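Before I ask anything, here is the structure I am working with.
Going in written order, the chains are labelled A, B, C, D, E and F, and every chain counts its residues from 1.
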Amino acid sequence: MIETVIRKRIEILADKALTKRVTDAIEKAEITGWTIVPVTSGKGREGHWREESVMGTDKVFVLTIAAEDKAMALAEELAPMLTNLGFILSMWDVQVIRGERF
Amino acid sequence: MIETVIRKRIEILADKALTKRVTDAIEKAEITGWTIVPVTSGKGREGHWREESVMGTDKVFVLTIAAEDKAMALAEELAPMLTNLGFILSMWDVQVIRGERF
Amino acid sequence: MIETVIRKRIEILADKALTKRVTDAIEKAEITGWTIVPVTSGKGREGHWREESVMGTDKVFVLTIAAEDKAMALAEELAPMLTNLGFILSMWDVQVIRGERF
Amino acid sequence: MIETAIQTFSSPVVLFFVLGLLAAFARSDLTIPEPIAKAMSLYLMAAIGLKGGVAVSKSGIDATVLSALGAGIAAGFILPLFAYAVLKTFGKLDRINSGAVAAHYGSISVVTFVTAVEILTGQAREPGGYMVAVMAAMEAPAILAGLMLARGVGSKDASLGGNRTTGDMMHEVFTNSSIVLLLGAFVIGMIGGADAFAPVSPFFEAGFKGVLCLFLLDMGLIAARRMMDSRSMTWRLVVIAIFLPIVNGAAGTLLGIGVGLDAGSAATLGVLCASASYIAVPAAMRLALPEADPGIYLTMSLSITFPFNVLINIGLISAFAAYLAGPTGVVP
Amino acid sequence: MIETAIQTFSSPVVLFFVLGLLAAFARSDLTIPEPIAKAMSLYLMAAIGLKGGVAVSKSGIDATVLSALGAGIAAGFILPLFAYAVLKTFGKLDRINSGAVAAHYGSISVVTFVTAVEILTGQAREPGGYMVAVMAAMEAPAILAGLMLARGVGSKDASLGGNRTTGDMMHEVFTNSSIVLLLGAFVIGMIGGADAFAPVSPFFEAGFKGVLCLFLLDMGLIAARRMMDSRSMTWRLVVIAIFLPIVNGAAGTLLGIGVGLDAGSAATLGVLCASASYIAVPAAMRLALPEADPGIYLTMSLSITFPFNVLINIGLISAFAAYLAGPTGVVP
Amino acid sequence: MIETAIQTFSSPVVLFFVLGLLAAFARSDLTIPEPIAKAMSLYLMAAIGLKGGVAVSKSGIDATVLSALGAGIAAGFILPLFAYAVLKTFGKLDRINSGAVAAHYGSISVVTFVTAVEILTGQAREPGGYMVAVMAAMEAPAILAGLMLARGVGSKDASLGGNRTTGDMMHEVFTNSSIVLLLGAFVIGMIGGADAFAPVSPFFEAGFKGVLCLFLLDMGLIAARRMMDSRSMTWRLVVIAIFLPIVNGAAGTLLGIGVGLDAGSAATLGVLCASASYIAVPAAMRLALPEADPGIYLTMSLSITFPFNVLINIGLISAFAAYLAGPTGVVP
């Protein structure tokens, strides 16, 4: 049977305009890659938002898979933005094939 | 090291036209927020579908992060729709930072 | 309380043009369905890519939920593509309602 | 007849539809991006609404217009009853799906209407501008009729995550995006009239046929792909999807001639009766009758009835109207 | 006045905006797909830029143009100061949000400008083509002024995941997509001139008003939905969102007449001062001042000031300019 | 030469391309939404196909047309062999990437073709309408040639999740969306002819240059961003991406004059040979040769060859064709 290893999958909801701040943090944590998934609307304590790229209110999910230590370093780095910029972060363990890539 | 808490992440695949039924259920369960992710096509027992917004066959993922008890209440509330309207629900544990938000 | 069962959720990042190779593998593994989620850009060891459907550089996430044995069979089937075509695969356990559907 | 067929098949609009069908059957990866397809449908609604409103602002509302409107609305309520009966008996569909399909066949297809106007105009039988108003008026009644057939009057479906009353359903039907845009643009056209329309006419009028070509290309692609994927179709349903447009088309044409319309307008009323909605009604059904199967109603209306109407039935109806109206163009 | 109001409310552009407002208030599901809305805004920027560039390539840059430019740029720096003071005191907003909102009111709304040009042209008071250059020149100064008010000169916000200097902020402001496209197309129009513009004019000129209709339909939908969702609005902010365009509009018109512009151009300068940005500035703020609340600045500029300007204030400003310019069209 | 350069650089189409390059190099966030870019490419294919089909329906197919077609198809098979040799030896690429890149340079770029037609028409050297047919005929042969070079005839790649035969590959190539649309629209244009084309010409003809401007703006943005991100480029590949269009352009022009085409058509054949595909071929390669690196073939064709052709090489080729054809416009 094929061999899998455990990594962390981190998912950050951020303003599209501020994506670079998240990916810079990912690179600072020396994680090899990331992937952007679009989102179209949502609701939170600050109310309802909709993807309106004309006015720059759109958000994205930034996904990245990394070893636990790097994942925690990334979470640490992003923590102030979660508070100040309203980002949302969640992470969980996943099995990956060819773990050396992450 | 930064502190994380465990929450449930629930993901519901629903018809776009019926999104409000899902988000109403989320609000009924007193969960603080949700986020909509687009999907473009899929296949199930009922065959193949493609995002065709002209004809209203498009679907979305509704994501929400909540404490376990609220998550289970939501699942309970949504159960009839899973059967009657062909929605799909899955959930799993995630670590979040600033758990008081969820 | 509503009853849930454990299934694997597998997520494959693949070139849009090659989606059919992934869904063919899913069908070969006798999994009942799959769902496609769009992605817009990313970065890995091979550098940066952006969704450019004019030139065919766009990618998608293929999601599928299946029992563990079928999930492992799928991973086995996809393994060569992970190496040759640069696909990425991760999987984890999820709770689902109405487990007989998956 | 042969002349009509040649005219039909040398229209770029029809040819792009055929191209779409062929490309999908050949399993080409050609697709129109989703937001573009949606935008084209919105554009077509706005353009048709404006044009109709301007036409009515010019002609005013006279007895002909009123009788055409009356005939259309009546047809919108009656046709679903007939369709429902056929679908439940011969078609062997359940109550919910019969009601949903009946709503589609009682309502109208804007694109079929437009294609018919183009073909009729090519035959020097241009229908009256007020037929846009008739079309707009025929969109909603059949949706209401179909919902009542499927659900019964005043019922609630508390089980489906809501306390949905007939009032809610009416709201959903009348705020449906295509109905709002078609009627809204119609009113704008009536308020503004031809003068106000002039500056926007390069966009809404000159561009119209070209957009229609690309939209029909997409409809061809979607119709053919849906046909190939279809699992819920039976031969009975295929027969109905051909039979209803023939019968409804003839009935509508007779009705039109009967209430005193000219041949072109009567043929257009026939086409409206013959056509089955695949934009406004499916979207409304997904909301108001989500248990119904789009694999049935969309495949019937878009993949069978729509091509049948565009490629064959419009020609038949036009010939029938010409025959009824007689050689002098006056009802004999 | 009444005549102006009739002219305003029979313009399809304005009527589509009203349709958008009504559809959203009626909770219709009508929406323009996101990529289409974005594409329309890019199209409008390119078309306006080209048109302005071609106009300036014809007229050249003379003393009138230079004084109009000077007046516009000065207003762009001064208006935010006034707005900031009002927002902080009467509006009770904090420093950051006051600065962000001030940037919006000091900058300009391209669509308000275009609507005003259309209405003024309908009244035989077409402004000079160079006013596009004035508009372009007024976009950025207020953003800089607003950022400095919110942040203080030369500050850094290391806490927010970066070492962002004033230089970074200036770069973000000037490479903002709408500013790049507006200015870029302006330069292309100037280089190419009328001859080079001719082959692209069916797309950029003939189509313009139609695209504007659909864009305003969308703005109506968004403005109304935002108004209904709004949580951060107070009555004080609503008052300011009406008060600022009145005061700024009058001031701008006076300034325009003062530096010797004709009535149409002076009214246009008034409208530019009265308008609040909802495309370029919000996008820049999200990047450069992410702590500010879009629920405040977008709701004020798009949901209150923009409808007020389009439906009422442009008429007021035009009448005021006509009054100032006197019956002979010359400054009395 | 200088005159040509001025003509090139005052064309709005070229200027928008330069604007895109500059905006991306300045790290502006300007982007054309993805579905819009795709829709524009589909529009351009449909419009060009229609135009060519109508042209051929008028002119008919005579000896000149046939020899131009023959020359084009022959070039489509031969150019990849030459390119492959250069890429493998001087370029030091492996077999698979050499084959993939060779397919791009043997095939054609529709947008380069269109830009060349515009520039040549500006110089009173409008090529024959049948050159669209030549272009369409040149799209596919090089893809097949490139695939055979990369894979060998009749090979299978069972390892890559499929049993992909040459037949499968041919199917994928000929059902590629741009090829289907270009050829389909060509046939529609031929069937319908000028009369049928008239009602859709405001959309497909009048709007064409404007859409081309925005499409080239996007190509400029993408080309520059790709150049800045590129990791796989070597100086050898950059040299080849300039060398091939010069050599192929001259060869194609000579061939054109040789088979008896007029200067404009010969120059156009030269441009087709010089151009490298970045729409149809990359999409086909992703499917049929997924192991090849888009970082190589797209960067070469889109980021180097395309700007070189548009900004410089079209001018060179046009001058060369004029020189060959002699002052009287007849081959000396």
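Just so it is clear, contacts are C-beta pairs under 8 Å (C-beta built on N, C-alpha and C of every residue); 3 or more make two chains touch, one makes a residue touch a chain.
Everything quoted here is computed from the prediction, not taken from an experiment.
Both subunit C and subunit F are touched by no common chain.
Chain pair with the larger contact count among D-F and B-C is D-F, by C-beta pairs in contact. Separation between the centroids of subunit A and subunit B, computed from CA atoms only, is 19 Å. Measuring from the averaged C-alpha position of subunit B to that of subunit D gives a distance of 35 Å. Of all residues in subunit C, those touching 2 or more other chains are 17, 37-38, 40, 53, 92, listed in ascending order. Counting partners per residue, subunit F has 29, 33-36, 38, 202, 206-207 as the residues that reach two or more other chains. Here the touching chains pair up as A-B, A-C, A-E, B-C, B-D, C-F, D-E, D-F, E-F.
Contacts from subunit A toward subunit C in the complex involve residues 1-2, 4, 7, 9, 23, 32-38, 60, 65, 92-98, 101. On the side of subunit F, the complex with subunit E involves touching residues 9-13, 15-16, 19, 22-23, 26-36, 202, 206-211, 213-214, 217. Taken together, the subunit F residues at the contact with subunit D in this complex read 33-36, 38-39, 42-43, 46, 50, 171, 175-177, 180-181, 184-185, 188, 191-193, 196-197, 199-200, 202-204, 206-207. For subunit C in complex with subunit A, the residues that touch the partner chain are 13, 37-45, 59, 61, 72, 75-76, 79, 82-83, 88-92.
Within the complex formed with subunit E, the subunit A residues making contact are 15, 17-18, 21, 24-25, 40, 46-58, 77-78, 80-81, 84-85.
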